[in-house]
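A single structure is presented below for examination.
Order of writing sets the labels: A, B, C, D, E and F. Residues in every chain begin at 1.
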């Protein structure tokens, strides 16, 4: 049976900038990666589209969905879902919570990726992290839909926010994404509406790569950083 | 060529309570583990011995060395060294620093174990952590004894202090030591001078084991916790 | 007039593991202790019951209530209330808030016990802490039910979560519960649905006791730790 | 075109104690300062009024509004608004959120003043900070009321809570308010219902003034402290 | 046998501003309070004296000693010692350490008062805290001067620095010093060389008093704040 | 009289990567900038040079001095000093302390730049920060070389370490260095021995520039980040 992973993304582009490398890398390893885009980022993260005369909310959403699907394909995503919950602010109801619980119980992810705990520039991001964590805990409850197999204890990794120091985010895991960098760059280039971020996140990947090299004495060029929520349970320290 | 690990222990019993499981586990995996006991803990951690009439500093040290060697043997330590630098307070000179640098360069450890960064109950412990970290950095300097192979970037793990919450110590790595628990208990029982700690650290191992089980959904009974100093560089998140 | 204390417990067993000793100790001192169980923990903390074939939510609740009442009796609780607000997630409405305000104003507790501020393994716990604190503040408002005697400034103590370091919980108060340990153990053994926790929390009590001894130079065997929310106002430092 | 500033105050007196000096100072510099009082603090911050026999909620509100208007006049406030959203607890709906977004977009403030992030004595204060920040972020979203000029990136300063150390508030900006102290004191004296705070906040101003002098080597007598949310973007370090 | 307390003060005036109330209060309760002034603050805290033409280091020290002795008398100090270790920077040798260990073992204090852990405006203060803590730990070592009665576990309280928020100091204990305020003020007025601080620390006492009242619902006018280093071991929570 | 600034750099290249922009910018504004290089970084930061056969410590130092002087010239440094105190570890004696005090008193800098408070990869950096801060405090002491003009309260800014999140460094000041970027790049290219860092710090400047733009709504391309040690004393919030 193949392994799975779950990405909970507030807006439809977040999974690309913040963990596109992790997705592509694990897809290549045979993981089926599910990406849940809770909103399109249609109001708050689509500035360029809104500069087009006559733009409407529906057209923004449609455009964002096309871009995200292309990027998902470039990364080898197994399943990408668009829940259209609105943004700025996002609306996270109990119904959506139980829907996400269903996803957890459906795929039993080996690990989960989502946003940083704090973000002074963005209110949807930490709300989504709390929501993803909330669903994970609910999926572990034996009394929720009794009879289903309850969720185990998949690790949760918080991907990089736009201004890491300002968000109190500290990477304790550095992932070598050199073997899939070309895929991540291709996915980034699908995000036509946010071209100003392409080089920014390319530089992020180079900095994290250089830091990974420093912390390992290995030759690493491209990297992604993650902050763990839970302690790592290991059978060896080396 | 066999792998190696380095334990830098302030007093001659610390390596037993705090990382005896990690030592035994890696010894079984074929690691050559070097333990440097910077002092015997002869003044500050030998209360029971000092209650013996006519006790002297030299007799305390001798007794502590015998106990520590027995424990090291029980754990499968490859090399245990006693540097006799004094305790309460420990004296950490530049000469000792360079001596520890030599150890780093001699064995090129795959990982390093030492004390927590803070300890409001103990001043030698954080001093030793700083010292071990200082030596590691110096061992990386190309201009120190040029011609020697410089140290890479071995991870450093901080083992558990006596009252973890009061010392700001938070375990982010939980190690399953179930397969070697008997060895750790045997080593603990070599510490005749500190019998009041036997059950305390047995309970610590059970609590960390239970927590490891919770965080992994695996069956784990005995554990040890560690706090990482550096980010983990990985090739997979699962 | 007898003194009172208030325990705000998310689920119907929390008050036993986390502050059973404090309850029994103060009950023996003549305090009337009120325990409010906001939910039964029927969905998220009753795994063993759910393994029984044909189990239903109502039967789980009934079973949990029986256990909690027995434990309360063993501890000498004056009044135990079951509010049945659901769990995983708990629902904390304004109506419930004002109901808890009424409790505060009814008993004017000398101190309050509730959960830790953070808990990465549990979302109901911190929600309840926030709720208990919210009700306390509202009970101090002169414009809430004018004419009633407003609440003073009772100290709030946060009891121990399951994995303290992971929840950023640090005990600054250690309570000697040696004189009532047998009662706490008896209460623990009432929790038949969570037998796997009996030894875990027995060990917690021994560790906190040993730490209390270390911090006081007294002979203490069994303890409970608490984290204060507010500064202590004192008339002496010794 | 004149510059503007926005103060988001949970209760109708907060803007006086906490940033009356900043308001008066900038008013003198020609800033049009808008103060939004989200509630009157009628339930939780009007103890003295509630001691008057026969007092009603409406009379408390009316009295608080009169006081706040007088204080605003003394400080040179351009526009003071009373939104009457209730207190202890305050109710912050999405409608109110969008109303505040409108204020942001209407005045495009050069800076924003609001409460501390934490306050263990007050639950409305941090809720309002979160709300003010939320509205600021929403006002930056291009898809919110497309066609309107979106908000830039005005700095947000958090003013002083009642017990600063207990609220984790640390001032990184100290403002010399010596030239307007008399105005602030006059505004303070408008708050007849909270006379017990007059001297308290006069002393706060003297302490912050003394600290400002220490940190600048200038002669400063009266001060106000603020905590920045965002990094300062500057063109010089001196 | 009378109880004792120990104050470790970096400079000869610190004990007055920072814990004069605690000293006077416990002296009235029958405690013999020993104050160790490690230096006179002759270089760094005697600006006014240095403005006198022809001033010398010896005259500054003499003047500071006279002031401190008067203040100690006003507070009811049992024993005040001047160790003359220099200031800005203070020199803390191992000889001085063992001398302080002797003081601990000589008086066996019921509690210890010293400086905050951090102080960005002062380097001697945190150095002295570390030193006082170091001596306390050494005094607990059975191997230090075997045969002497070892020190127990006296609590350590950190008194208030000049700019508390900037020094990360948070008071968790508020002491009512109303009954001895006049003595503290008298002691303050002995410090002729630092008259600019008289009103500053009078205001500090009023603020801490008001905060103590808020946190206890008692009538308290004058207070002092302290930060505990160790957890409080208690037999009751009320 | 022209304004001055002081940079205290642990090794001879640090001032280039970490604050070359600030130096060039203020030099253009007419500031006389003094750079004190406490060591050459000859042992720990000259890996490339040590790979040259037959290299000696003196040759490394000479080479580092030449590079640093060229860079200083490119940036418009007024005075660069090489104190040759050794590295890995650096030796910071009281004599060096008083020498740095003399520099402070000689130039009375408008601001000071130095390293981050923590750096898990480097022990000299935080030692130098502590040293620079120590000298600043000593320079404020009226009893140090009485008769000299004592130092005021110049702000201290901590420049960026190599791996900012791992060092707990958070920039609260972002400086636009666009007008002098070419000079900084030219200075960077003088550092022939560390060519692997050229692009790394070019990317850092682009990221900090993009972040400065985000936080100000201005067009900024190149930036440098700094962390303030002391609160900013201001006369306006806008």
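Going forward, contacts are C-beta pairs under 8 Å (C-beta built on N, C-alpha and C of every residue); 3 or more make two chains touch, one makes a residue touch a chain.
Computed from a predicted model, the values in this text were never measured in an experiment.
Asks: Which chains make contact with chain D and with chain E at once?
Replies: C, F
Asks: If you walk touching chains, what's the least steps from chain E to chain F?
Replies: 1
Asks: Report the chain whose mean Cα position is at the greatest distance from that of chain D.
Replies: B
Asks: From the options C-D, E-F or D-E, choose the one that repeats interface A-F, i.e. more than half of its residue-numbered contact pairs are shared.
Replies: Repeated interface of A-F: D-E.
Asks: Express in whole angstrom the distance between the two chain centres, defined as the mean CA positions of chain A and chain D.
Replies: About 37 Å, centre to centre.
Asks: Measure off the straight-line distance from the CA centroid of chain B to the CA centroid of chain D, and report it in whole Å.
Replies: Computed value for the inter-centroid distance: 53 Å.
Asks: Two-or-more-chain contact residues of chain C, please, as numbers and ranges.
Replies: 121, 166, 171, 211, 214, 225, 230-231 - these are the residues of chain C that touch more than one other chain.
Asks: Examine which chains touch each other and state the graph shape they make (line, ring, star, complete, other).
Replies: other
Asks: Sort out which chains touch which and give me every pair.
Replies: Taking the chains two at a time, the touching pairs are A-B, A-C, A-D, A-F, B-C, B-E, B-F, C-D, C-E, D-E, D-F, E-F.
Asks: Enumerate the contact residues on chain E facing chain C in the complex.
Replies: 3, 5, 22, 25-26, 29, 31, 110-111, 113, 152-153, 155, 157, 171-176, 211-212, 214-218, 220, 225-226, 228, 230-238
Asks: What residues of chain D sit close enough to touch chain A in their complex?
Replies: Per the stated touch rule, the residues are 94, 97, 133-134, 137-138, 140-144, 146, 229-231.
Asks: If you look only at chain D, which of its residues touch chain E in the complex?
Replies: Within the complex, chain D touches chain E at residues 121, 162-166, 169-171, 199-200, 203-204, 206-207, 210-211, 214, 225.
Asks: So in the complex, which bits of chain E are touching chain F?
Replies: For this pair, the touching residues of chain E are 42-44, 46-47, 50-51, 55, 57, 60, 87-89, 120-123, 166.
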